[in-house]
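A, B, C and D label the chains in the order they appear, each numbered from 1.
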């Protein structure tokens, strides 16, 4: 039976991906923060002792609180360096993805259009995007596809924390609504279900036509 | 019943999309060059007299023969300006896409990494990508999603014309093979089937990890 | 004596480049619309009969009036296809740039972040950017450098036509002002004066930190 | 008198920038590794005790040895996280750039086209590029320009360490040669000398037409 590990699988986009993969008879382990805290490399290593191989891996984690550059401390940087970058790196250095598998990275549209308040997230998610791009070529040799999904504003607890008045915010969006986590869940499911493999090494903005840059 | 028009729908990637949409009970019109020749604006207009509305539109057309810049004639430029740009523009200015519909553009990975021999294709497909990006924001208001798929090397007649020794060429690719048209066919089908709408205004490299640029 | 041809050299950014190149003893021909109308290929060819070689070439032309997509006519597309794309292509196919020379393209920041009202300009300037990128590699063999400058909002007659209330607009810009044509003039002059050659094949946003996309 | 601090100012591109700024009567402090080791945050803080303000700041540092992903240790990541990212962040959080000043970042072309062997450099330089982009908008309010120069292959000790046979390598480059540090030195000098301010918030590939991606 095909196995999947979904980090941050207990809520938001991660939960939607877990649910949709379960619907096609995949054996999903939806890892919550209790199972693995990517900001703590020891926690990551312990997790890897148990979960050392999989067919499908979803790299997904929340970002930091919005914070202005001048107020970000050395500890903040180091914590989120772990959470958004080094934890994922450690996983990829140690986990075995089975031949023909998939790795999906859930990053953020702020990697292409960085955001003042989300500067930590913009920085470290971009850093990991570089790593993921390089690795996609190596994984390709084992027929493993690497897809970086960069969500814009989605209907999650996180967005409701970040945005004061969601209703007003939605009016400013091209589609007049937030994205629904199920849309990403179904997207991931479809790629796996249809054995689409040639989609790899790509960053896919998933933002309801909200971004402005051409690529 | 949901209607789809697939330009270039009789061969290659267009045919694969037609076939996969048919498999989910969509009423597909796979337009061949007999039905519409996008390099001839009169042909485009005649086509639009009959096909003036649809739910799903696939903008897809072959590119020109490889030609070095110095040998491209004014007529070449004008022909492919029509075929790769103005024909599609004319369609979008005149066709009605129904609320909740989809437009898929099949462009090419040469828009991000332009190719000496495919300079005409690089230029006009990039031009149309700009138009498509701008329009994605307007279509969003009617819940119409615009997805630009930029294929790398695929297993089509076209590729066999362009590449001398396909077997050798495949060895140079990260996945050691060309993409299969069915992968794009299934990709398009899945988005429609799962009613994924928030994927819009995006250019998706579909190239088996072959490109080198980060975005 | 080093020769330069500056298209659109009688006003705005083109004039500023002409003036700054003259200040370093370059023999500048500032071509006005009387000398060459890039929207008319016959005019382009006549110009090339006289100006068939140069050391420095500045490809620079105004864009179209702002126009919404639905109102753009076939003639509009064709006119600006000539003016923003095919005229420049014809020049590069026919003019001799001397060994060690320079070609500067003055495009626009709308090629990276396309603009609804400037959709024609976004499209054809992007198309030419693709051509220019491909050619930069060929010109490199003759030590000719190709630099694409993509200006944001500058203090030109053009901007005053496009923007209703310039004073108010300026307050929305990161630098609280428009760019001054002399800044681009001096930039071009400096590269030539200092014989900087390794800057080539690049698109340089010149927009006072106004754009939002990372690259 | 205008003051400049040039990190990594004792060799390679840093030295060339130091020398060219000195030639226009700027009071340059070319910081060597003795003065500041950006991989050691204590060293950075000590440096900032003495050098707490400047008109011009050049953020420049060497990258790590080439290393394959699987062999990079946690300590490697942390060291270069400091050297390529957190050291620069700490500087910008603490140093005062005087009104009308400049910050130049010397990054690398690997941020746009990441490199397997230089994966650490690709990641952290991209991360800092995001920070630098966000900050360029804030600095703009004080008329401080932020320019990110992304060099391709240059004629430095570093390149000679990375490349086995430089002569052979040069033949593969569009200009058949490495870039000369003086070209970047003169570029920086020219911008300062001509008080060009509107060039800001931009990443400039400086690679002799070597890159393949359109932007």
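Simple rule for what comes next: a contact is a pair of C-beta atoms (placed from the backbone, for glycine too) under 8 Å apart; a residue touches a chain by one contact, two chains touch by 3 or more.
The shown structure was predicted, so the numbers you read here are calculated from the model rather than taken from an experiment.
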item: Number of steps on the shortest touching-chain route linking subunit B and subunit C; value: 1
item: Between A-B and B-D, the pair joined by more C-beta contacts; value: A-B
item: Equivalent interface positions on subunit C and subunit D, same or different at half; value: same
item: Distance from subunit D to subunit B - Cα centre to Cα centre, in angstrom; value: 40
item: Mean-CA-position distance for subunit B and subunit A (Å); value: 28
item: For subunit D, residues that touch 2 or more chains besides their own; value: 111-112, 114, 126, 129-130, 133, 137, 211, 214-215
item: Touching residues (chain side subunit A, partner subunit B) in the complex; value: 112, 129-130, 133, 136-137, 139-141, 143, 145-146, 152, 174-176, 179-180, 183, 186-187, 189-191, 193-194, 196-211, 214-215
item: Touching residues on subunit A, where the partner in the complex is subunit C; value: 111-114, 126, 211-214
item: Parts of subunit C lying in touch with subunit B, wherever the complex brings them together; value: 41, 69-70, 72, 74, 77-78, 81, 85-86, 89-90, 92-93, 111, 114-116, 119, 122-124, 126-131, 133-135, 137-138, 214-215
